[in-house]
Amino acid sequence: MTGYVWLIPVFPLIGFLINGLFGKRLSRKTIGVIASGAILFSFLLACVIFFQMNSSVELSEKGIRNVLFPWIHIGDFSVNFGYLFDRLSGSMTLMVAGVSFLIHVYSIGYMAEEEGYWRYFAYLNLFVFMMLTLVLADNLLLMFVGWEGVGLCSYLLIGFYYTTEVASDAGKKAFIVNRVGDFGFMLGMFFLFTLFGSLEFQHIREAVISAGLKPEHGMGLITLATVLLFLGATGKSAQIPLYVWLPDAMAGPTPVSALIHAATMVTSGVYMIVKLNYVFQLAPITMLTIAWIGGLTALFAATIGTVQNDIKKVLAYSTVSQLGYMFLALGVGAFIAGFFHILTHAFFKALLFLGSGSVIHAMHHAFHHAGIHDKDPQDIRNMGGLKKYMPKTYWTFLVATLAIAGFPPFAGFFSKDEILWKTFASSHRVLWAIGAFAAILTSFYMFRLVYLTFFGEFRGSKREEEALHESPSVMTFPLIALAVLSVIGGWIGFPHIFKLPNVLEQYLEPVIENTGGIHFLHNSALEWGLMDVSILCAIAGWLFARTLYAGKSDVPGKLAKTFSYFYSILLNKYYVDEIYFALIIRPVKKIGDFCWLFIDTIIIDGTVNLVAYLARCFGRIYSLYQNGAVKVYALTMLGGILVLFWIFF
Amino acid sequence: MFESSFLSLVTFFPLLAVFILLFFSSRAEKGIKVFGIIFSIIHFLISLKLLFDFDYSVYKLQFVEKSKWIASHFLNSQYFIGIDGISLFIILLTTFLMPIIFLSTYSGITKKVKSFYINMFLLEVGILGSLVALDLFLFYVFWEIMLIPMYFIIGVWGGERRIYAAIKFFIYTMAGSLLMLLGIMYMYRVAGTFDVFKLYGYHFSLKEQIYLFSVFAIAFAIKVPVFPFHTWLPDAHTEAPTAGSVILAGVLLKLGTYGFLRFAMPLFPDAMVKFAPYVIILAIVGIIYGALVAMVQKDIKKLVAYSSVSHLGYVMLGLFALTIYGMQGGMLQMINHGISTGALFLLVGIVYERKHTRLISEYGGIAKVMPLYATFFMIVTLSSIGLPLTNGFVGEFSILLGTFKSSWQHAWIYTAFAATGVILGAVYMLWMYQRVFFNTEPSEENKNLEDLKIREIAYLVPLVIMIFWIGIYPSFFFRRMEKSVDYYLRIFKSKQTVMLIDAGKGGIR
Amino acid sequence: MQLAFYILSFIAVFAAVMVVLSDRPIVSGLFLLLCFTAISGLYITLSAPFIAAMQLVVYSGAIIVLFLFVLMLLNQHRESPSKRNRFVTFVSVLGGVLIGVFIYLTMLKSKILLSYTKMSAVGGMKNNVETIAGVMFKKYFIPFELISILLLAAMVAAVFLSKKRV
Amino acid sequence: MVGMLDYAILSAVLFTVGVVGILIRRNIITIFMCIELMLNSVNLLFVAFSRYMGHVDGQIFVFFIFAIAAAEAAVGLALVVAYFKLKETIEVDEIKLLKG
Amino acid sequence: MNVSINYFMLAPFLILTAGIIVLSLMGVLKENGKQTSGVVASIFLLGDLYYFVKLMPKVSYRSLDYLNGAIHYNLFNLYLSILVIVCAIASFVLAEGFLREEDFRHSEFYAIILSSIMGMLAMLNTVNLINIFVGLELTSIPLYSAVAYFRYKERSVEGGLKYFVLGSIASGFFIFGIALIYGATQSVVFREILTATKDDSLFKLGLLFILSGIAFKASAVPFHMWTPDAYEGAPTPVTAFMSIAPKAVAIVILVKVLYAMFPDMFGLWHKAMFVIAIATVLVGNLGALVQNSVKRMLAYSSIAHAGYLLMAIVAFSVEGISAILFYLAGYLLINIGAFGSLSLLKKGDIDFVDYDNLRGIGYKYPFFGLLLSIFMFSLAGIPATIGFVGKFYVFKSLIVKGEYILALIGILGSLVSVYYYLRVVVMMYMKENPEENEFKFNLLSLVLLTVCAVGVIYFGLFPQSINKIAVMAARVLI
């Protein structure tokens, strides 16, 4: 079966083609089945190949490589359509295929009564195809194909409700900000090609190792290349400068947010850096910038998350914050910890989104039933006390919250603690502090969310309340599956002090080349201490949220008034969007107008028309001179002779 | 049938159509239209033979025909025609676009149909002639003849300001080509022959080369159009009928870049190398300027016109980067631009036939009423902004790679600025797409817009197929162009290294 | 001889200037007659009797009479006062005089003119007409014939132009 | 002795008077007279040259010029008469229909 | 002592004399002579044409001479004589339809034109100055009356009168120049003038006046003021004739005077011709830009084309002369076509020659529209037409001689000319036709125009046949 690696991404492509071309004529049920079936097939195939690969040592070392056909061959630049299924991309494929299968099943229920059903599933399948191409690509250019393809699908899916200006604006914003990131990615590729003569991962890896390059070689080019690649990653994985599109991307349907803006697409930036770890390690400056930007994003997003009132906005900022953590891990050199957090984050964040999805779904029914159209089903202030009506959703949501907050048995704890420990161990004390404080904020806003939505009384009319009911089983089954994964997900990466096998570490060890000479302290006592500190942070955040929101007290209202200034800044997301608009969008439009109205019409056209006008003027002057009087004609002849006299003598 | 003069058959085949059309009565419009479509399809099939018999293993001129034309005393030019990797695909693009154009103007043109078709066929002869001509005088004759039918097409069947646009188009190009005529005369006087390949061998002095190159460059820059000479393009496009602007954008603009690659650059390599940095800067300015101005346009056709200024800036950048990637990318981008911008104009034409307005504000939320049209428009938009797996990406990527790897000083700054064009491209295209197709529910009069008809789908599908074919499997084209581009690159490379060394700049990175 | 030349040339120049200055065409016509007779006198001083005779016959007799006849026909008495601005007339006078001065200067500078001091015998008084006739019909026979055609054509044209509309 | 120079200067003077006359006068017939005057000055020059050079050709040319002057006068006056029949005036400044 | 008259050499002149006499009498004797006078005139011209064509091979390598230069046939002179006669026959054909439409046909018209042609032949086929002067007068005086042919139309008579006054002034200058040259070299034959040492200021004065005399006929700028008015006033066939034949003869005489008589004063007249050529091209083109009558525009365009020819003279080389000869041949075809088309646009005695009259003609009379467009494109110098090839030869001769400024101004001029030539096409095809006027086209003229159009296209693509003769003729002169 090793020859069929390319079939993994092609299954969703076939799904896309069927749904895309014949979607209108198929019934909703068949569309859902085709779409989810395609993902299921590719997931199963991935599992089979995964086991086949691990069974043979030689294969698991080098990875399975299928080269389909030559793509761009110009001079010495040769790139072809090839898929590489090695340990790293294999595990990532399993996660992507698995999570997207669950989300497909979920969306059959969620999108049941939406029109444009077939279009949704077609785009979703196309998205999975693009994501798998990105993951399984054997060279950077094919990864770039997946990279932009994923951007396109997120544009289509965010703008799914295209009749509303908000959705289509958000879609366009997402695509353009991604394009800015891709600009960096492309330039990074050029630098890499100049350095290593090829864009294939294996080729670059051998070039780095065989040349025995070390960070102190001070290769300016490598730093430049890695910074540009990181710029691409920030675009895609929503880090500080280019994160603005993620919160607006919530305008799309919730399963889309779950799949794209939580589990798969946003982590592709991190995945790319993990894949090119041996190159990034050669550029210590870049590692530092990645670490710092990761840390700052984590803190920054967490602060905004604490005051948001839209359930999906809170989760969006929490995603940005968790991604900040992943980049922090990469920055300090803990690539495997970063990758581990990708996996765990995918499980519990997808679960959180799907949970919020079923809540919104229920609220939507309630408002619909009560005939209210102006209230926003996503606003947590209209919810409250849903525990009684949606027990399954509540419990799965709680599991995910505990996971993300970092309570021990759950997945989140292991991966986040691993990151914090590795940050501290690589002597980045300040970054560790930022991380810890962000962890407190994380658990605070998550528990605030839980209390506001599920605990207390229902803040809405009686007619809405009786219409609340649990989501159908097709939606709750994926919730439960993800809840299980959120729990056991963490157990594949026990910290070594637990004396339990760190499965992931050993498995991915050959993937990471230690070219950067990064070393970590080995002090188990310190590690235990820090683990306790991170648990304390989680508890502190929980207690703080409970005191504020559990009871019916109006403490949060008073708090908001006293710190009204800070509160309003946080609520308006530090006015980042407005700043971007003022600094970039409006000036560009102005320059556009200036160029068109001034340079084009006045200067260039102006001169051309002026020349034409001058010619006509001379003509007119001459025709006035030729006024028909014979005297004037004779005089001109005379003048001519005088001129000849002047010339001759 | 007659093997030796196959290329002349392909070039002058449309004249046969013109001759037959004369016998049609001008009232039998339907008959003329159907004849036009059938004839152009036959012509395309015939021209495919050029592709199949094209031997790209080694660089040599193919289908060459050389016979006496004017053997007078002070002017002896030969009827010397032939094709190589460079002109092959532009010729095929022309014959490929013609049937599509005739299909699209089935309902587009109502008055004076017969003379419209005659003009279109004459235009095609002019274009094919200039592409195959390898004798400077013959090239110049075809280059000018091409203007007349295009002038009539814009002038007679155009929009409101058609006469101003037609005159502006004619005078702009005529000014440039008259300068070129002076250059040709000077070269004939010095070298004694019009044969391009003999002239490649002839070494002009540097001072001569500078004058001659600037003269040729201005003539072709107006045609391309390069930044300062581009103001005729938006007028010509908005005023031309759909068919006119498709053929104008699809092929006529390519003649400028083809002229650069075939005549201006190889004939005067030393001057070209000296001017290349300035041309590159102009190309980049063109890219960014074109994109910025396209952003603020209110009329879709003007927007697309400015976008082609930006796209052709890429092609010029690719050519003048003097690297194998850049040149191949530039050549491919010429074809891509022909397909994607041609498709865009066809799409604008379709919606123009229904609503008779091109202002973006008149549209909104059409995706709901015309979903199929929206999908086609989306595919073409993606190809135009260069999304991977579409043709635009392959072209743009190789050009940017070529610029990056070029041995000009601080080449990577050029690449960075040119790459911003990729972002700006996405901005104006998607912003336009959003305002036209999304944003609101379709307004009252937009409600009853009916979706694509079979005929319209029939001529859009081949374009979409080409978009994905070049996007996914470009090496079919690269292999056929490789040898020719190598041939020309060898001429430039030697000159460039010499220039860089004595200019004290570092050698190749 | 000397004296005759200066008197006759003075009369000729005076008459010519008066032709230009007088605003009554008839008077200027008569002055022209005087000028031409003076010129024919000059021919006598240049010992070219036949030319002098022809001058009197052709010019004074035929052409001036024709002019006066046409003047009478169109009853042109006094020219209307000049509506033209002074500037143009001033410029034209200045221009004309300037040309005259230039010609005069070049003639002074020319050495060839100075070299001609003595009148040659050939073509002089003795059998003047025979020599002219001999050369004219031998060397310049072609122009002579052309002149006849010219006169014929002029006659046809003149007659045609003066017919009525019919 | 009266040299060639004197005759040349005389004919130059007459020539310039003729030219000036054409430019100043407004009546067409006066202009014709001035043209005749110019031709006469040329005749004088020709005769002077032929006599001082010993060639008789000059005098023959004079005959041709006589005939041409006559023909010119004839056609000219015919034109003037035709114009007079149409426009009642023969002032040069009035002839302004064709202009621009 | 009788003079042996060589009737063979005089044949063309005798034929024409007979023609003039016959035609003058026809007008008087037979009332219905009017219809056939055109045919009779053409017969005489064809006789002359036959004579010259028969003479062509005999003269290709040597020249026949009679009465030491009075009549001098060589290839150069014959080429132009044939050109003149062909132009005359063409204008007679145009006159057929034109005069019948005006119903003012008189055989005197043909007599006048024939005498003008005879003058031109005399001027061309001679090597002495006096013959040229007499020929010049014999050309111009009948033309003055031909312009004023419509004696009842004020425009026509005014045109004739203006042309007459200025023409006689110019011929006065011309003969004054000849007198001075005669005085300086004691002879009027080219060869003797050529051999004379020209250091005297008299030569400069003489050359100056001769130049101004001929420049008037060639409508070079300082002396061009008569051209627009005379061309507009004259009946269109006469304008056609006037815009080609006399201009060609004047240019060629200028070439002969400068190259055959005053080559050693090159430095002097080169500067003068340089200035005149540039001025002529600029004034010709700029003047034509603002006209709203096509006929007057074509008058200015003829000035501009004279400017291009003057540029070729400045080039002073065999290539320059062959360029002039080729350009004149092309110019014959185009101008006959252009003015011929205008002469067709006539109803009764009203000429419809304004731009506005042409609105929508392209669609009402498609064939006529096509013909006029071909001529306009050829005048503008669009390739595949003889106009382009002519301009190509002229500008190339300039570049070969290093006259880059002149070539550039020539190019600039032809660029400006593209605008007003295309305005005709714009009016015909791109503007709607407000006024409805029906024209019935004279078949014979249409045939002539088609022949011209085919000639323009054919020689535009395959110019070598004419060019070969032109080069041989040019070699004869230098």
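We just call them A, B, C, D and E in the order they show up, numbering each chain from 1.
Here is the rule we use: a residue touches a chain if its C-beta (ideal position, glycine included) is under 8 Å from a C-beta of that chain, and two chains touch if they have at least 3 such contacts.
Treat the numbers as computed from the prediction; the structure is a model and nothing was measured.
Participant: Give me the set of chains touching chain B intersected with the set touching chain D.
Facilitator: Chains touching both chain B and chain D: A, E.
Participant: Closest chain to the overall C-alpha centroid, by per-chain C-alpha centroid: which is it?
Facilitator: Answer by centroid distance: B.
Participant: Farthest chain from chain D, going by mean C-alpha coordinates, please.
Facilitator: Relative to chain D, the chain whose C-alpha centre sits farthest away is A.
Participant: If you average the Cα atoms per chain, which one ends up farthest from chain C?
Facilitator: Relative to chain C, the chain whose C-alpha centre sits farthest away is A.
Participant: Take the average of all CA coordinates in chain A, do the same for chain D, and state the distance between these two points in whole angstrom.
Facilitator: Whole-Å distance between the two chain centres: 99.
Participant: In whole angstrom, how far does the Cα centroid of chain C sit from the Cα centroid of chain D?
Facilitator: 6
Participant: Rounded to a whole Å, what is the gap between the Cα centroids of chain A and chain C?
Facilitator: Spacing between the chain centres: roughly 105 Å.
Participant: Quick one: chain A and chain B, Cα centre-to-centre, how many Å?
Facilitator: Going by mean C-alpha positions, chain A sits 38 Å from chain B.
Participant: Among the residues of chain C, pick out those that touch two or more other chains and give their numbers.
Facilitator: 84, 92, 95-96, 99, 103, 106-107, 113, 139-140, 143, 147, 150, 153-154, 157-159, 161
Participant: Of all the residues in chain A, which ones touch at least 2 other chains?
Facilitator: 623, 626, 628, 630-632, 634-635, 638-639, 641, 645, 649
Participant: Residues of chain D touching 2+ other chains?
Facilitator: In chain D, residues 8, 15, 18-19, 22-23, 49, 53, 55, 57, 64, 68, 71-72, 75, 78-80, 82, 93, 95, 97-100 touch at least two other chains, as defined above.
Participant: Can you give me every chain pair that touches, using the contact definition above?
Facilitator: Listed in label order, the chain pairs in contact are A-B, A-C, A-D, A-E, B-E, C-D, C-E, D-E.
Participant: List the residues on chain C that touch chain D in their complex, please.
Facilitator: 1-2, 5, 9, 12-13, 16-17, 19-20, 25, 28-29, 32, 35-36, 39, 42-43, 45-48, 50-51, 54-55, 58-59, 62-63, 66-67, 70-71, 73-74, 76, 79-80, 82-84, 89, 92-93, 95-97, 99-100, 103-104, 107-108, 113-114, 116-124, 131-132, 135-136, 139-140, 143-144, 147, 150-151, 153-155, 157-159, 161-162
Participant: Where on chain A is chain C touching in the complex?
Facilitator: So the residues of chain A in touch with chain C come to 631-632, 634-635, 638-639, 641-642, 645, 649.
Participant: Quick one: in the complex, what on chain C touches chain E?
Facilitator: 103, 106-107, 109-113, 137-143, 145-147, 149-150, 152-154, 156-161, 163, 165
Participant: What does chain A use to touch chain D in their complex?
Facilitator: 623, 626-631, 634-635, 638
Participant: Once bound in the complex, which stretches of chain B touch chain A?
Facilitator: Within the complex, chain B touches chain A at residues 168, 228, 230-231, 289, 292-293, 295-297, 323-325, 328-329, 365, 367-368, 382, 387-389, 393-394, 397-398, 400-401, 404-405, 412, 415-416, 419-420, 422-423, 426-427, 430-431, 434, 437-441, 472-475, 478-479, 482, 509.
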